[in-house]
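You will see subunit A twice below: alongside subunit B first, and alongside subunit C after that.
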Partner chain A sequence: MPGIIGTLAAAVIAFAVLAVAGDAMPNWLVLVATLAFAKGLVALGIVALMRGGLVSFGQGTFYCAGAYAAGLAMRSFGIGDAAVLVALGAIAGLILGAIIAPLLAGYRGIFFATLTLALSMIVYGILNKTYSLGGSDGLNLHAPRFFGYQPAGSRNASYALFLFTSLVTVIAAALCRIHFDSVRGLLSHATRDNEIRVEYLGASVRWVNGINFVIAAALGGVGGALSALSLGHIDPDFAFWTTSGEFVFLAILSGYMSVAAVFGAAILLELVRSFSSQYFPNTWQGALGVFLLLIILFLPEGLGSLPLRLRPSGAKSARAPIEKFK
Partner chain B sequence: MSAKLAAAILIDGVIDASWLFIVAVGLTLVFGVLNILNFAHGSLFAVGAYAAASAAGWYYGGDLGPPFFGYLLMLGAALAVAMILGPLLERGILRFFYRRDEVVLVLVTYALFLILEDATKLIWGAEAYYASEPYALLGNVSFFGLSYVGYDFALIGLALIVGILLWFGINRTVSGKIVLAIIHDRDISRAMGVNVNRVFALAFTLGVFLAALGGAFTAPKISVQPGIGITVILLSFAVVVIGGLGSVEGAAIAALFVGFARATAIHLVPWAELFIVYLVMALVLAFRPEGLFQRMSARKI
Partner chain C sequence: MTALLETIGLQKAFGAVIAAGDISIAVERGQKLGLIGNNGAGKTTFINIVTGHLKPDAGHVMLDGKDITGRAPRQVRRDGVSRSFQIPQLFTSLTLDQNLLLALAILRDQGMSSWQPARSDLGIAELDDLLGRFRLREYREQTIAVLPGGVRKLVDVAMAVTCRPKLLLLDEPTSGVAAEEKFPLMDVIMRAVEGTDTTVLFVEHDMDIVGRYADRVLAFYAGRIIADGAPGAVLSNEEVQRYVTGGAA
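On to the complex of A and B.
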């Protein structure tokens, strides 16, 4: 397990590689990667929850909150700087998450999933009827500035947004890795295995899950704000349950072992989606479904477990099935 | 609120609750026995609706026989959907995922939902189907000066029949008791010599049948088009969660809850229609975290 210094070094290297690669990539790929990173951040939040054994089917709530916070700040207050907008998105997610977290503290498994889903659908329903926020049509956003720099031309604008998104992503990923490897982060694992044991050890399951939930909410807000900037448009579908389902899909696809795998999976999914929606417009959802089934069947710990499984000595620990009698 | 409005809300609510119950009780049954919250349930509803709409369109289009025979045909369509898709999905796909975490199982059925949505679009195309002949067949009924379609009341009757048969089947027959034993503890049941796999396949097929039945008999009331499965799964999801997962009585009461909530919203606060159901669900879960009729389960350390 890399230490904090190692994680930070990896983050710097990852950002440098992304910056160079982004410059070389064709424009469509830059756009796809930007959106993939934004969605990956939301999925990273679900991964943080999953480590504690919870899966939220309603991350669309925070994704939507972040997007609308950024959108409103831009439209109503004329704030055009991406960094401020994303920070506002994060704060919106964080506050909403902190309000909801205590309400959800007692729920586990399927009830947690359905309650988060219900909350996101309430947000979806209200936004659809809130005409001051554009109702079901949503709002359009214009291109942001980056720390005072206003890129000229569409290629420059998309590359600048990609760089900014990569920066946010790399920072968030490094912070998550550090959190996951910290004592509190590791307690999530213990909570997932056995809550009662954790309580007897003197730790509070409520706090462990609550903090994971707030982290997930803030990441959802960041991802939402970035998606809003990248798409240039926000609408209530950000909170619709199929959007949330996609994030869970991503989280399961990548598994909870590796942070980098989340973003790899996000790019893979966006590529598969943009290619198949172009070449098989009628069957791409079904293809995604088959893909998901195969992943769950043959790679139950997600893409992130691949390196471990390919290594002969690590093969066993990656599986380590614990037969539970429920 | 005038008496007429109250009556309208009451009657609309019960009518809404009837088809919701038929669909949701299938969902809750599958959860009770297999421990799977089936996201694809709405798609199965859609397949049933398409099958029935096609069958009714063919039958009434050709003027092939007595009009009432069309109802039997719709029932047959639902049965055919269940006989084909039930064993196919359970034996072909789901059984490889038993013993996984219940949230992972939700995702497995989410994948099935994605596949089924595209499959129905491939088979039936993207245009809407209408099969309104069976809807008009039973004439109109009038209550408190409000005019209702007789078919809607027949649907309430169907829901009652389904509910009574299920209750009787589960609580008063030997096979029902075996199902109850499996719901309680599948490992012990297996040790006692129960063929759990067979019961799983049958219960899942029955669940598919109930979804398809709901779809088949709702088809004449609506335009059958892509996307109906999504609305239905969310509503029936809310019903079973409110009622308590795995509880037939709970599904019945929750279907009424949801039906009344929707009818009230439509008549009094139309803008809340989109989310009133989830609001009710969140409120119920806030006070009864596992639904109205929660199952007793021992705490395992």
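On to the complex of A and C.
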């Protein structure tokens, strides 16, 4: 399976590059990149859904579930290891996704998007009024350990979290790439094209969409847990619709073709946001809007389509000579 | 001997329109059936009921003695029934190769594998055989969206044939195909199922095609079968000439 080996090799190289780059980067950029990767993981889940023809406007639900699972494990059970906390975040997202998936698997288009949005707002509303979880103020978290190692000092803690986030990111990215290139990945793509034919070939469209939804939910949970550790704070805004909108924004920016593009887009977006808010404090949302508009106009299939666009087209014109049937 | 396909009293109405009014037929293994009739006569409804796309208001569909009435299309496909469509139903953003590879993977129950690469050695030999049988090799790397109608029709049928069905239903396989391409296209389709015991039912408006490729013809009119028999007999039937062919036979 050279494809899988190639993907895993690329993941190892990417992690090594990130480890070296992170050590050389200024602390503010390390923090931006950590948060970008965490959010990129949630957007990667939306990309998995988009490949099957669905867009969720409610990934904040799982982002929030992962963050609160990690936060509660830390505060209530004294679990401080990042690996365990992120695993719990993934499990929380996965379980919630598995419960919701059968309810949404029959919906498409705007109905699916609106229902996911509605669910996230229900979660937001409940958390705002659940004072045992901090209500609207949320919860504060302390710095995590990493496989038993407790970094000393702010810079070391930032770099350790960046390294850990990078590790989780490259693993998730590699697994998603392998999944996208697999038979099931192709089946997702086929479902986006023609559900009728998928069913007539003997596969279940509900099952395909359901599995994609659970994958997206688990990625949302991982992203939420990592964000919680990165920010050191959780509040119900994790489930607010603008947070979910940001993930959709990211997925559109990256497109659904490339996994790496999702994280490139996440870093780009965080940088644009950071600089815009610093230099145009009152109009930075407008700057983001213009940025997205330019992407939709000039790269409608996202940053991930850039390599394909730059490649010279070798497509032959398709004509069917009558003689071919004879 | 049990008939491969038996429909018993199939009824289906869409409001006041009767699309199937007590359709009862038995089809033996290996037969080539032509289904003729005007638009709205109930031919496609019949196919949709047999393949599970529609549930009949009454009646039963038996395949090899097993009641498959109302089963979902994917279950009916697993029972051995496959179909092509009047408007080809393909994965238009994928290449021809990918369309057929996917059909083969689902056949091998690998549709649920998140590890097996879509383009692996598995299925390559079968894919090559399919491409050869349907004379599609020169288009294999092309995206379906850029292929001409006749080729899409062939791919649609190839997708249906992939699962080696007991019963193959072709809904107007030559519609939208240039007149001079119809016979060559039907030749390719029939050669592809040659040597198998696949039973073929095809809906067709061109009586020359029906006369050449069917060994039995069912004529539909207003949701009923008005004639059933050998092509010559059915096409010369007075009712068929009045309601279906307009004297074309």
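Keep in mind that, in the parts below, the second predicted complex is superposed on the first by the 311 of 326 C-alpha atoms of A that agree within 3 Å, B and C clash if a C-alpha of one lies under 4 Å from a C-alpha of the other, contacts with A are read in each partner's own complex, and residues count from 1 in each chain.
Please note the rule applied: contacts are C-beta pairs under 8 Å (C-beta built on N, C-alpha and C of every residue); 3 or more make two chains touch, one makes a residue touch a chain.
Because the structure is a prediction, the values reported are computed rather than measured.
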item	value
Partner chain(s) touched by A:Ile296 [first = subunit B, second = subunit C, both, neither]	first
Touching partner for A:Ser204 - first (subunit B), second (subunit C), both, neither	second
Winner by number of subunit A residues touched, once subunit B and subunit C are compared	B
Subunit B versus subunit C as contact partner of A:Ile122, first or second or both or neither	first
First (subunit B), second (subunit C), both or neither touched by A:Ile178	second
Contacts of A:Ile99 with subunit B and subunit C, given as first, second, both or neither	neither
Which of subunit B and subunit C A:Gln285 touches, first, second, both or neither	first
Partner chain in contact with A:Asp193 - subunit B first, subunit C second, else both or neither	second
First (subunit B), second (subunit C), both or neither touched by A:Ala16	neither
Intersection of subunit A interface sets (partners subunit B, subunit C)	194, 196, 325-326
Footprint of subunit A on subunit B - complex, ascending	35, 37, 93, 96-97, 99-104, 106-108, 110-115, 117-119, 121-122, 187, 230, 234, 237-238, 241, 245, 271-276, 278-279, 281-282, 285-286, 289-290, 300-301
Contact set on subunit A toward subunit C in their complex	1, 3-4, 178-179, 181-187, 189-190, 192-194, 196-197, 199-204, 207, 315-320, 322, 324-326
Of all residues in subunit C, those that touch subunit A in their complex	51, 72-74, 77-78, 82-83, 85, 89-94, 98-99, 101-103, 105-107, 110-120, 135, 138-139, 142-143, 146-148, 150-151, 159-160, 162-163, 178, 180-181, 184-185, 187-188
Subunit A residues within the subunit B interface of the complex	55, 57, 103, 106-107, 109-111, 113-115, 117-119, 121-122, 124-126, 128-129, 194, 196, 241-242, 245, 248-249, 252, 282-286, 288-290, 292-293, 296-297, 300, 323, 325-326
